[in-house]
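We just call them A, B and C in the order they show up, numbering each chain from 1.
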Amino acid sequence: MKKTAAVLLAAAMILGSLAGCGGKEEKGEKSGDTKAAAAEAGGETAGSGDEGTKGAEPSGEPIKIAMVGAMTGPYSEYGTVIKTGCEVAVKQWNDKGGIHGRPIEMEVYDEKGEREEGLALAQLISGDEDVYGVIGHFMSTTVVGKLYGDARMPLICPTASAEAYSSQSDCTFRLNPTIKVETEAMLVCADAVGKKKLGVVYLNDDWGNRASATLEQILEENNPSGYEIVAKEAILGGDMDYSSVISNLKAAGAETAVMFCYYDSVVPFSIKAAQAYPELRIVCGGNCYNETFLSVGGKDVNGCLAPTAFDANAQDEATQTFVKDYLEISGGSMPSNMSAQAYDAMSVLLEAIDSTGGELDREAIIAAVRDNQHEGLIGSCKFDENRDVIFEFDAMEAKDGAWVPCE
Amino acid sequence: MFLEQIVNGIAIGMSYALVAVGYSMVFGVLRLINFSHSAVFTFGAFAVWVGVEMLHLNVFLAILAGVAITGVLGIGLNKMALEPLRKKGETGMPALITTIGMSYIIINVLTIVFGSQMRRFPALFNWGQIHIFGAAIGWQQVMIALACLVLLVTLSLIVNKTKSGLAMRAVQQQPTAAAINGINVNHVITFVFFLGAASAAIAGTLVAAYYQYVRPSFGDVIGLKAFAAAVLGGIGSLPGAVLGGLIVGVVESLAVFALGSTYIDLVAYLVMFAVLLIRPTGLLGRKGIKKV
Amino acid sequence: MLELQNVNTFYGSIHALKDESITVKEGEIVTLIGSNGAGKTTTLSSIIGTKRIKSGSIKFMGEEISGRSPHEIVKRGIALSPEGRLVFPDLSVEENLRIGAYLRKDKSEIRKSYERVYGLFPRLAERKGQPAGTLSGGEQQMLAIGRAMMNDPKLLMLDEPSLGLAPNLVIMIFELIREIRKSGVTILLIEQNANMALHIADRGYVLETGYVKLSDSAANLSKNDAVRKAYLGG
């Protein structure tokens, strides 16, 4: 089994290097300096195929990338957003000639938001010799890392909340903030409100519980603003009515609600709070930075604060192009934080593959992802020693149907 | 604070009751727990949403059209899925499982067409609010309570005072005897499904207007709570459904008040189990009902 | 009035009626006798339409009615008091009767039918508001017959009206059947008590495993040795 795999791998590499020549002239520069990087990273076959393939015609064989998301089921909106973000990156690369002349083909797999389904897909994908990298997994991030690690496929997840995710293997990367980083960023938002009494509202699941505990821990260690947690309310994801929770917050005198839950809880909460407790300010996570939050929440979400590294209104060219392409592919939906993270994840992966000079050496690709210097929509996409992206946030405030930088 | 939570609970409970009435009516006539009810509820809300937000119809016209279309959906579900089963004499478990299957189909179709995300639903009765014991009661909630009572009274009158209602009760008790006395059993059952679906659409519209959003998973939790409410009140009994809804709502609110919101569901279902242990037929349910 | 010709009815693979041909003329009392499983009740179900026939023809007042739904057949003036009475237990006596007149529209005619039924069965009038499930067996039988009468039928089919009743009640029921016939209703009667049935009937059919074994006047059948031996206790 291992032998066949090795032979196939070698064949794939030769094929890859054959194809690599096509784009060589176009991207001569790039492929030149990354070859060195690949050799440094210890790719055994990096140079070998190159000689033999000189002068060969570009084969045009596509380079396959797998994208795994919850495409159907209750989380399908997230699957769609992540897929569209990835598609924009793939389209942009293909428009400029692909990777060394080879087109990029993104294969979409539907995890259905189920752990077991995700695991089965990972088994399938990690056995596919033609796949050079994976973006995604949604509910199953913590159980698939090792499979991809063994197959030497870099997995970049734009939505992994579990702390343990990135430690599964040396090729699992996280392109979203860890709970700690995001919680700290939410505290920066709370600073902008300037009120001391916090009411914590958290989703009663793994992530919500950990986030709420993380907040307490952070405040215990360092609390320069003098915050006091006056109420802690766990909520359930499917619940719609938060009037009782709001009554509790009001009774406890909470001035700012720090919400560790998805936007689909924050919005109904805000609508209800706008009637029952309009003085309450709301700080929520980066997942609320999206269009639906604003369109469903309307004026009731005015004044909600969220940290985001991506600003769809930023005037730089990369963001503007992304927004334009995204609107086109999505049929008019504005990109969210999550779609920007997905775009950056795909961009990091494709750049890494490109940088290996078209040889498609797996180890070289992993090394290139690890050491990337990519400047993405969220800012620098550099990974720290835990393979978690280093995030820099801005505090944003919802104001009359738009997210604007917080004063 | 305590009173405020009770008022909160009554407000939530009324929306459970609104859904539970439909569950109970269908069960009362057909002795079938119609698990597609909450999916039909969501469908109804979407139907009205399409009318208001996409076709820009007049609100009341949109509600009327949405309720009618949802009623037709109820008829369609019965004709396509349940009537063939009845012809084969399968009315118990297979029919129940079929309703679960139908609910998945409806929700999945809604997800395919509209996506799983939230959509803004217009606040239909946004006429401000009344303050009772420190709790803000919006007109939306008042309308939900009113609709709940109107639905309760209307459905009770239909079932108990009209000829169609007599036929429904006859079909429920003795389908064969109903047929040999000239009652078109299929028509009666179809009518029941129409009523059930239309009431679900009314409930869906009001609840969506209250929370101001709709999405495919909208009916999941409320459907389950409403089912618990119907069972608690005595499934098959319409006043029982309303009573059950109110109890579940108030118990939940008090649980949040006294124990914290983590226990919201746990306590609601514990109360349901406790009541069923003491009164297996529910609070207002009658003995001798054949359980499906 | 009613004519069955070569009717075949199946329950799955069981051939319940085999080329059955029966005629009921206007004003007659015709009885079907036979042991359990002979096809008596199936015959009635086939006529009223709750059981579809496989082949053959059923004509009522010259019109083919096989293949029609029960409610269409009932509308044409056939009523059935079913085996086991099948009253609606949670409905009141009056509601049970109301359902008997379900397809009739004329309020005053319906009023008359109530009076007629309450005249035949004063016991039912006394218990108007009571749920049918609380009635005694005999009263339920009266209610089942009364309910069928509410359709103002031209043809009344009675399936085992005396089953499980005390002897004095049986006699009363048979008296009533005679009275009903006198009022111009044609009757098709299934009765286990073949003695009584042949006593009040004009003609009879003997069914055996789905076949019509014999048909003759009631008087002749009562004298027939085979019939006496099999159904009349010697």
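Quick note on the criterion: contacts are C-beta pairs under 8 Å (C-beta built on N, C-alpha and C of every residue); 3 or more make two chains touch, one makes a residue touch a chain.
What you see is a predicted model, and the numbers here were worked out from it, not measured in a lab.
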item: Graph class of chain-chain contacts, one of line, ring, star, complete, other; value: line
item: Chain occupying the most central position, where position means C-alpha average; value: B
item: Identity of the chain that, by mean CA position, is farthest from chain C; value: A
item: Between chain A and chain B, centroid-to-centroid distance (C-alpha), Å; value: 39
item: Mean-CA-position distance for chain C and chain A (Å); value: 77
item: Approximate Å spacing (C-alpha centroids) for the pair chain B, chain C; value: 43
item: Contacting residues of chain A [partner chain B, same complex]; value: 72-77, 80, 204, 232-236, 238-241, 243-245, 247-248, 251, 264, 267-268, 271, 275-276, 292, 295-296, 298, 300
item: Chain B - residues contacting chain A, complex; value: 1, 4-5, 8-9, 11-12, 15, 108, 111-112, 115-120, 129, 135-136, 138, 207, 211-213, 215-218, 220-222, 252-253, 256-257, 260-262, 264-265
item: In the complex, chain B residues that touch chain C; value: 163, 166-167, 169-170, 173-174, 176-184
item: In the complex with chain B, residue positions of chain C that touch it; value: 48, 50, 69-71, 74-75, 79-80, 82, 86-91, 95, 98-100, 102-103, 147-148, 151
